[in-house]
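Below are two complexes that have subunit A in common, paired first with subunit B and then with subunit C.
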Partner chain A sequence: MKTIFGKKITALFLTIAMLTVALAGCSSSGKKGDETQTQGKEEDTYTVTIYAPYAATTEDCDAIAAKVSEITEKLIGCKVELARNVTKEQLNLALTSGEKLDLFYAFPWEVSLPSMASSNQIVAIDDLLKQYGPDMLSSISADDFKCVTVGGKVYGIPMNKDKAQARGFLMDKAIADEVGIDYTVKKTYAELEADLQKVKEAHPDIWPIVANAGTMMRPLPADTLGDSLGVLENALLDSTQIVNLYDSQSYKEYASYMYKWVQNGLMMPDAANTTESYDTLIRSGVGFGTFTPIKAGFEAEETRKCGKDIVAVTMYDAHSITTMVNAAWCIANNSKKPDKAMQMLNLMYTNPEIANLLVNGIEGKNYKYVDKDKNIIAYADGVDASNTGYSVVGWAWPNEQITSVWQGDDPDVWTKLGEFNKSAKSSPAKGFVWDNSNVLNEVTACQNVVSKYEASLDCGSVNPDEALPKMNDELKAAGLDTIITEKQKQLDAWLAANK
Partner chain B sequence: MNKTSSKLKHKLRQFKKFLPFYLMMLPGILYLIINNYIPMFGIVMAFKKFDYKLGMFKSPNIGFKNFEFLFATKDAFTITRNTLAYNAVFIIIGTAVSIAVAILLNEIRADKAKKMYQTVILIPFLISIVVVSYIVYGFLNTQTGYLNQTILPLFGRKSISWYSEPKYWPFILVIVQLWKSFGYNCIIYYATLVGIDKGYYEAAVIDGAGRFQQIRYITLPGLKVTVITLTLMAIGRIFYSDFGLFYQVPMNSGVLVDVTNTIDTYVYRGLTQLNNLGMAAAAGFYQSVVGFLLVLTANGIVRRFSKENALF
Partner chain C sequence: MVEKSKTFQIIAHAIMILLCLFCIIPILLLISSSITAENVLMKSGYSFIPRKIDLIAYKYLLFDTNSIVRGYTVSIVVTVIGTLINLTLTTLLAYPLSKKNLPGRNILAFFVFFTMLFNGGLVPSYMMWTQTFHIKNTIWALIIPNLMLGAFNVIMMRAYFTTNIPEEVMEAAKVDGAGEMKILLRIVLPMSLPILATLVLLVGLGYWNDWINGLYYVNKDEFYSIQVFLNKMLQNIEMLRKAAAAGASAASMPSTAIRMAVAVIGAVPILIVYPFFQRYFVKGIVIGAVKG
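Let's look at the complex of A and B:
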């Protein structure tokens, strides 16, 4: 027994000794390598790494980055590296692991600006903005900056896109005209139901309503106040009373109609488990329409996406809430040179040539000019929405409004979008940024309850008369009331400070 | 004096004798240290409010606050129950099925057939869980699924909306897990079986033992050590659930959460939305501690009954 123990000890010491030697070797040589590398880098031009969403091939990204680099090397002395197709998971991983990353998009429905700010995953940009981004500082309204302000500091540049949305239902125009749907007037659920019945009768093989990959863009005018746990029921009204969305009359009404529509065959069944997006379903003629947020120029954009003429009927007027504005471009804490990143961001926001390259790709390869004077473009020859190597999602970039207009869009689309943003009713809580750090446990628990029920309620798979009371009981047990109290306290303080 | 020096000499000789083995062990140990031991310092993260600017060690300490969310609701009970119960069922049924199939394999005499069966059994283990989830979807899809379209009509049953009926899922998950994993364990048991001295069987035949008696008195006792080792290792991981199985296979269907939520999926659902490193580290730490205690307990029990078979 003793000898075995002795052997083990010898073995252990031996390994430790060898390991120290090996590791010592590693670390000293590693350090040297690092030093030479950083020295080399300082002499080289800095490369700003940009992460952007939605599909694109690596070849196209590299080609576009090379073109952009040509311009930026002259203007601000740095190169650009571009990666698209970035998912929420990849983004989180890059931020967490310290991967090289300078600029990235932050959608409020994917990542939370306040939580990234409070854990210092992103950089506060007030000083950088004054120094390198005066144009942005002057062209973005103070109200919009409020939406990206956490703890008194600005953490991002709001995308210059639609900052308000109406709620409604988009549909295949050909069928709508055929059965005689009037899509020019505002409709209630009951009126919409009558229309959808007509579609069902004329085309029994088409689902009048389809879901979008297991989710529904429910047509509710609520101000979600960041995370839907405690909301203003109707952003179009002036009340600042925070309530439980899933206990509100408007949600009940919506869920009841969805359930009814699944029962009477208007809505595709088991929609919560489908993986196809609404545009695929409408393009292939499986579906007629779906609920949607609506903005200026929306119908032309959807027509391009679905490959069919699309019209939309409004159910709730345009309103603007914080999460529609605080989709922002941020500088990651990983950035070695935040000043260069800021200069780059400023160019992306103000330089039409760079903005066009990043949004639309390379002329002749990805797009071509239809009318150069009016700045109207279309897909390059042999390219269309289904085979392009660089998908065009203008609003996801810092400033789509300085880029070319696509054929089929209103040539004045950017002016109209600006007017639309201005004319929309602002939620009384617009600009309020919810900080959930005091109630994280409750938020985690409640989010688990929501993910349990939400998709099936939204898609009408379960009877809300049974599921909703259960869901609300569980939300209560998970501490929703604590969240609402905390949120109300923060909102009241914010309202008092911003009167 | 003389005694110690001779002892030392003896040790040195021993050391020289085993030197090749130590060298062989080295890559494995290095791997363990780099992959399993160095990251252990990350445990401190479970007690920090993580700040990316300050880094791991300088972030402010917040004690056990990160652990609270695990026990904040009655979910804690559900997820612990699901994790433990599913894994217990997997261990028990999985071991039984694997041993049974290994014995059957061992009884097959035709070499080609044996090779073919081995391969066929192992294939599910090699398939990615995402692919498995779509195979399951192919069976269970309400409109186009094989069960609803072909099997159920055969018995004159109405189609079932599988992904919104929690009551079926404990069975579905167990079946899927067994189908996917038994091949691998079965190969390990089979390897042990092949190692059993053929002389025992010959002696048994001479003594007049039939097939079943051979299995009972030679094969099963021969498997005992392997069974204990594999089971102990499985118990060590009983607090970890196969994330893919519980998240991908039910297609993340919310209605099923009561029967498919395990600690891993709960943490994933909660934290993908919050992006909080400290809480994720806390959950991992909690799982490790409980897993470690379970291994100690299980090993202690084994040691009481048959000392030579315990792991340590």
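Let's look at the complex of A and C:
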């Protein structure tokens, strides 16, 4: 009995051993293949791996990477590998696991530049920039570089997109003209209310204000200083006193109006629970308008999106704060050749051919020229926004301003955008990068409170006279004052250093 | 006595019918809204009987046939292969563990049990799978991590073996000259159909519904399963919305009916397969619960 069992056991172990060998064989042969591949590449050309966001098919990415590689091999002697559709989770895993990755996008609402810098996930690029990116160094303002500076070192290249925003209200032009709304002048809440009332009377079946998938873009000029917990109430003014946004006069005013508008039917009710975006609501004739950030070329873009002529009323002038600028392209610490990555980034920023390939795809496959002289493009034949294999999100790339202009946009949109960025008022704290690592527990606690109340207050679902005091009590209990003190300390130190 | 059981029957049925409605109503609403015209949906909200039937959402999805068909193919392949491997491994591990005379049985059982309480965490497992085993962007990325062998399933199966297969039967087989393998294949497995069916359903559902592995280990669209595809789509919407809130301009988002249609498409195969396994499922769970 014992011996039979012994034999069986031996057999079992042998089976396991064989399986292991077989598996190891598979994995090691795969590994070898990889190694020879990378070695082969390293001998002749390095491959720069780029991670970018938003939808695209692997097929199109590979085709575009191949085209880009043709150019880069000549110019800087490296190839390019492109992966889009990258999610926050994949990006974080790639950064923490040491996976091969050279260049990637860093949105401030997804990853934190200070924490990536302090945990050594990204490379400080000051020296590389001087050596390989003099064009970028000269064309990006010192102010903008401050927004991506942590501890005195530059960690990224700000995306050359809209770096400032005005705040206002976008609306359906046809209806606005019909009821006689003057959208050329700046308006207050009360004036806007009168206009919306007219819309309501003329079209009782349309909501004058709709929400954007359960959220509202508050028409407030506050500098959120990173996370809205402790803000400068008005970025257009010079005060550097940090206050609690939800206790400020401007927020109270906004929330009270929203509540009132829900009560008298100007704003769609229960908006915090809707999942529809405003463009869907306006396109289908359910809504008339919504609060919005405004930038140069904004109306053409929204018109395309909503499928109707769109105009906008400004409520607060354009202002520029850190989070509008510090969406950046960074070099991962996992990069084996940061110098090549930097050269590539420089090309992405300065070479129109490469920028066009990466932003718009391949001519004839993804887009076609409508007017080659004026550099105007449209979707290629048989392709539209719903079936393209390569979604066009220009601002998420290093420099959309050297790419072709889409049909429907102002041919001078990039010049105008550049002027708009320059003309906007900088917040006194623009360039200040908030590092919340000292008060992480409080931040988490406060964010929980905010997410509990914010949507319903923003959408006017609850009475701010009751909800706001409750929210502020909870924020205090969660440690908002500690955050504000810490933030003020960092801001004061930053101001002193950057006088 | 009869009266009492009648009242009980009525109440029990009422409760069950209510629960049943709770499950069915949302699905009906989902299907109905997926075939409703977009602007009607916007204007008058959801309704059980579509006010205006419009199959545009399905047309849109079928236009993107490649992604859908590929998603289904990947999902089916992963579910079938994964379930087969999982069941084989689970059986081969659970069966020896159910033997009281297996040397080192407690230690082996502890190793299995231990994984239920502790694991390496996300980043180390990610590093292991991507850097040692190189499964990133292969079909194995959807099959191996997390799903291929579950301690809970092993323990459930072992409990079934020890409590439901009489030792005498196995001994009789041994006396008749059967080896362990023969006993397992000819005696034990045929007697374990309920637990096998239960596991097929649990594991199969796990594979079919899984999108986490796709999220972590796959960024090539030829390996997107139907759930990953759906999830990517929703994530792109979410990303664009956040970007819009932070001030960047957003591209237009897919509309409600399409999202509903995608959900229908993702759920339908399971709805079709479920009834075939249901009777085993109930039996398996009851047996496990009463005697295990």
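The working rule: the second predicted complex is superposed on the first by the 447 of 499 C-alpha atoms of A that agree within 3 Å, B and C clash if a C-alpha of one lies under 4 Å from a C-alpha of the other, contacts with A are read in each partner's own complex, and residues count from 1 in each chain.
Operating definition for what follows: a contact is a pair of C-beta atoms (placed from the backbone, for glycine too) under 8 Å apart; a residue touches a chain by one contact, two chains touch by 3 or more.
As the structure is a computational prediction, the values presented were derived from the model and not from experiment.
In the superposed arrangement, which partner chain does A:T96 touch: subunit B (first), subunit C (second), both, or neither?
Both: A:T96 reaches subunit B and subunit C.
For A:Y54, select first, second, both or neither according to whether it touches subunit B, subunit C, the two together, or no partner.
second
Between subunit B (first) and subunit C (second), which, if any, makes contact with A:E442: first, second, both or neither?
first
When the two structures are overlaid on chain A, which partner does A:P398 contact: first (subunit B), second (subunit C), both, or neither?
Neither: A:P398 stays clear of subunit B and subunit C.
Counting only touches as set out at the top, which of subunit B and subunit C does A:D270 meet: first, second, both, neither?
A:D270 contacts subunit B only, not subunit C.
Counting only touches as set out at the top, which of subunit B and subunit C does A:Q121 meet: first, second, both, neither?
first
Name the contact category of A:G156: first (subunit B only), second (subunit C only), both, or neither.
Touch partners of A:G156: none, neither subunit B nor subunit C.
I want to verify the contact counts: of subunit B and subunit C, which reaches more residues of subunit A?
C
When the two structures are overlaid on chain A, which partner does A:T215 contact: first (subunit B), second (subunit C), both, or neither?
In the superposition, A:T215 touches subunit C alone.
Of the partners subunit B and subunit C, which touch A:G230 in the superposed model: first, second, both, neither?
Touch status of A:G230: no partner.
Which residues would you name on subunit A as touching subunit B in one complex and subunit C in the other?
The answer is residues 89, 96 of subunit A.
Once bound in the complex, which stretches of subunit C touch subunit A?
Residues 38-39, 42-43, 60, 63-64, 96, 101, 103, 122-123, 126-127, 130-134, 180, 215-216, 219-222, 232-233, 235-236, 239-253, 255-256.
Contact residues on subunit B for subunit A in the complex?
11, 14-15, 18, 22, 25-26, 29-30, 33, 49-54, 68-69, 72-75, 141-143, 161, 163-164, 251-255, 257-258, 261, 266, 269-277, 279
Give every residue of subunit A touching subunit C within the complex, in rising order.
That would be residues 5, 8-9, 12, 27, 30-31, 34, 53-55, 57-59, 83, 85-87, 89-90, 93, 96-99, 107-110, 161-162, 165, 205, 212-213, 215, 217, 275-277, 279-281, 284-286, 293, 295, 298, 301, 305, 323-324, 327, 385-387, 391-393, 395-396 of subunit A.
Using the touch rule from the top, collect the residues of subunit A that touch subunit B in their complex.
My answer: residues 3, 6-7, 10-11, 14-15, 18-19, 22, 88-89, 92, 95-96, 111-112, 115-116, 119-121, 227, 269-270, 272-273, 333, 436, 440-445, 447-448, 451-456, 461-462, 477-479.
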